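Each chain carries a letter (A, B, C and D) given by its place in the written order, and its residues are counted from 1.
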Amino acid sequence: MHRYFKAKITGNTPLNEQFRLLTLIPLSEIEIPSPGQFYMLQASSALVPLLKRPFSIFEHQAGTLKFLYRIRGKGTSCLAGLGMDDTINVIGPLGNSYPEPQEDFIAVAGGIGIASLLPLLSRFKKKAYLFYGARNSDELVMLNEAKSLSKEVAITTDDGSEGQKGLITDVLRDFLNSSRITYHALQIYACGPMPMIKELSSICMNKGLRCYASFEEHMACGVGACHGCVIKVRRQNTEDRTQKWIYERVCKEGPVFDVREIVWE
Amino acid sequence: MGIKRTEDKIQKTPNLSVNIAGLKLKNPVMTASGTFGYGEEYSEFVDLNKLGAIVVKGLSLIPKDGNPTPRVVETPAGMLNAIGLQNVGIKAFIKGKLPFLRQFQTPVIANFFGDSIDEYVRAAGELSSADGIHALEMNISCPNKQAGWIVFGTDPKIMEQVIAAVRRTTALPLIVKLSPNVTDIGFMSKVAENSGADAISLINTITGMVVNIKERKPVLANITGGLSGPAIRPVAVRMVWEVYKSVRIPIIGMGGIMTANDALEFLIAGARAVAVGTANFVNPTATIEIIQGIERFLAEDGLSDINEIIGSLITGDLNHDMP
Amino acid sequence: MGIKRTEDKIQKTPNLSVNIAGLKLKNPVMTASGTFGYGEEYSEFVDLNKLGAIVVKGLSLIPKDGNPTPRVVETPAGMLNAIGLQNVGIKAFIKGKLPFLRQFQTPVIANFFGDSIDEYVRAAGELSSADGIHALEMNISCPNKQAGWIVFGTDPKIMEQVIAAVRRTTALPLIVKLSPNVTDIGFMSKVAENSGADAISLINTITGMVVNIKERKPVLANITGGLSGPAIRPVAVRMVWEVYKSVRIPIIGMGGIMTANDALEFLIAGARAVAVGTANFVNPTATIEIIQGIERFLAEDGLSDINEIIGSLITGDLNHDMP
Amino acid sequence: MHRYFKAKITGNTPLNEQFRLLTLIPLSEIEIPSPGQFYMLQASSALVPLLKRPFSIFEHQAGTLKFLYRIRGKGTSCLAGLGMDDTINVIGPLGNSYPEPQEDFIAVAGGIGIASLLPLLSRFKKKAYLFYGARNSDELVMLNEAKSLSKEVAITTDDGSEGQKGLITDVLRDFLNSSRITYHALQIYACGPMPMIKELSSICMNKGLRCYASFEEHMACGVGACHGCVIKVRRQNTEDRTQKWIYERVCKEGPVFDVREIVWE
């Protein structure tokens, strides 16, 4: 049972122009991942791109690992070029995971952020109020799966091509302001672009809600060794009990943090 | 040094152990500072007992927060880092990290730095009195706050002072890690040797920068960072060879080593040991594969001892032709 | 320098022309010396009239045979070369190669070198009197036979002497091409400026070495060679930025430029023009694609003039944090 | 009609463990190559391997280019990894070519050297006495083609697994020493490892024969720009008519040289 293993690609399916679903079959016994954890995937056997890239576990089932990814730069382009039966090296599962939700919960996904949240929806079926925002209807990937796993789903797109036009955080705010549900017991789980998380953080501050978000940083090692991937986190000083910030590693202490701990710049 | 080849097929495995300033390593492969954490991070991937030595992340007297992010960015066949030497501080290291490392039979080399001669000396002192540290590696690629932030390792005079001061402080083997950002690495290595270094390690990273052209900003928050990885290997091998011609103390070579063949380039050019850095990120078991690969190479070449290939580079007479 | 964005969609193509020491280039993309022969070799692939300038292979007073082979070897994302500055000599160049280049509207920059101050001066003199040479680029990464074979460009005093001497000899724009193998490139560029350089070009190659581990020999017959290509780009961009902070004369940036985006990194960091070297070998039409790509980038960003992005790098205050 | 073009791979067939036959369809009109010329082939779209690699034209027919290559290092391994419909950039045809043989001629191929000579055999059918040496029978690739195109064929292998055991140059020497043919008018064309060419050179010196051989050197540009690929060649000084050696470019003045001109070290 190793966290460094070879895996065979058995699927690398385009979902739209930029999103792909990668299916891997590990060639040795692996650890079982929890929702929120991630893997470092090798994108090429050449020296360019050199470093592995981090991707959240999207699905683990019957000995296969699935990842949902968006083509952004060199690494993901290379990954997209890999074909059936190619073999890549993988490290994982890495990092912490989303804490277990108490009863129902709110999930907020921005774009590819759905990749990280879907395993949570899947483990706690029909418990989530899902808020899912994307650029356009085409980029609302895995919508049917998400709907079938959630209690309720609210959708926004930047261009209004599906759901409401606008920001998903605005819809969430309205939802919380509506007296339809008592939300105080609901924890929020989020993954998406930084501005979305930041906005969420201020909403939660306002409403006194607890929110766990998955963060991203450039990573080199993924295992806590290089200190490349840090984030400013408020911590109690154990000696004099004062508050101070320290840099914690997204790959090790994260990627999931309680947003109240994050020091926003 | 000629290359001896044993006539008959080799029965026993070749000797891999080397001696660095009195420190006996079971093989010449160690980890490069800052790329292997405090050992623990990779201990599930690598049997730490199999390594030649473990060099830990750079330590300072006072814990350091490090730089804002982004701290790393990939470059062609390499990466830039500007971690800013974030570390828990020597006290916390000795209390919290060293006990774990003491479980292993592998020598622990403490890499350290300071921003003044005084801080270097006190850091060396604290580390020297700890149980389970077998050698010190001095990172001199840091700016000197008392001398206009000139990097210690780029000014021969300041370098001499800081090495000599540390030398007086510690009885442990003292490895001085050179900065490659200098005009004459051979000369700098000579200065280190004369100032009391027991061994030289090189190269540290080469300063570089990547620009985000859309935002017109450096990608790294620190603007510049240190280039490591295969991209710099030819520069590192050249510098090891120049240092080998300049000093008599042992050399630990590093810079872009990914495979056993890469490591062998350094050994042949004159390094008595090598350190593996960026490769750990790419392949967490790189160190072990490199050790095995070196052993295989020796066996296939009919050599019985790693020391036979160290510094075995055959060169004709140097000419002064234009490059 | 702020970034101006024109409000309405740009109708006309952006201005790409830049001025280097009085020399007007129709665009900022030139060829790097030694990688584009005498222009003729690539003329079937590239319309030479489209280039910002053509920098020819390094020339010397007396023809040079160059080094034995192997002269080139590939490295990760780069290559080493030790051509040994083989060239036909200035006389043969003027007689045999220059007439071809005079057919084009593109400025010709003659790169030259010597192994003594006297040779530099005489070379500059002969080149300056030829018809059809628009600027001189002085390669100072060569050893000085009168001063123990120290490389001109690594010793500030010798560098000052040779530049000042050449400066007195020529009225042509004088570009000094710096060696990256120095501790402080900003300081060296200042020396060049003060000695009379009209412009700075950098970087020349970084010295490196590759070992053939089976034969225990350097791969290159010359033992070491110069590293070029994408591997060195982060180092080159950093050096251009350091020089930009140090001097007022224009900078020509180079080192690992393969694409327009790479070129833009240099321009933003402070280069007024760029040179394309190793990329020509990989893609003979690289220069043209880079020119087109820069134009497209400007248009997409709503910029009307290349000069708006030169030196536009946004950096916060420099701190002295540890790297 | 350009010498820099894109080409689609339509075949990359293993002939044995290390030899492959690459078939390209140029995507634009190309120049027609002559026997002995070569092309610079891109091995990867990544930056590693960076430089193109030189390969002799093996066959040009009906709009396709074929290359016979041996997997040696990084570049050729990468090339071997390319598959159907991959597109690569190509420069060529480059360099000079074998001068036209007068009537019958002798061809001496060492291993993969057959790649360069086969187009000559094919253009001047049944005119060649072919001497073909290889390590073993497995590496005697394209033997049937070579036989059908030659007048006579002599074979050696290092291990004796086919033809005579030994060096092909020894067999050639015997052939010349035998009084069976008057060889003085025969020109020799050769491609193979350096020691073979050197031996040939001394045989030809002895017998007063003219020999054209194709040479190899590390290449960066392939078009004469970098001066990376030189070889020491004897040349008449046009001014004082003395002999001197100069470095000529294998990619431009070569790859084919009259062996009498070569300065052996």
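Criterion: a residue touches a chain if its C-beta (ideal position, glycine included) is under 8 Å from a C-beta of that chain, and two chains touch if they have at least 3 such contacts.
All values derive from a computational prediction rather than experimental measurement.
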Intersection of contact sets, subunit B vs subunit D, gives A, C
When C-D and A-C are ranked by contacting C-beta pairs, first place goes to C-D
Dist(centroid_CA(subunit C), centroid_CA(subunit D)) in Å evaluates to 36
Between subunit A and subunit C, the Cα-mean centres are separated in Å by 46
In whole angstrom, the CA-centroid distance of subunit B from subunit C equals 33
So, in whole Å, the Cα centroid of subunit A is separated from that of subunit D by 56
Flagged in subunit C as touching 2+ other chains are 76-78, 229-230
Touching two or more other chains in subunit D are residues 47-48
Among line, ring, star, complete and other, the chain touch graph is complete
As the complex stands, subunit C meets subunit D at residues 34-37, 41-42, 44-45, 57, 65-66, 68-74, 76-79, 81, 83, 86, 229-230, 258, 278, 280-285
Interface with subunit B, subunit A side, in the complex: residues 2-4, 42, 47-52, 74-75, 89, 91, 217-231, 246-247, 252, 265
Subunit A residues touching subunit D in their complex are 44, 46-48, 78
Note: in the complex, subunit D contacts subunit B through residues 47-48
Listed in rising order, subunit B residues that touch subunit D in their complex are 76-77
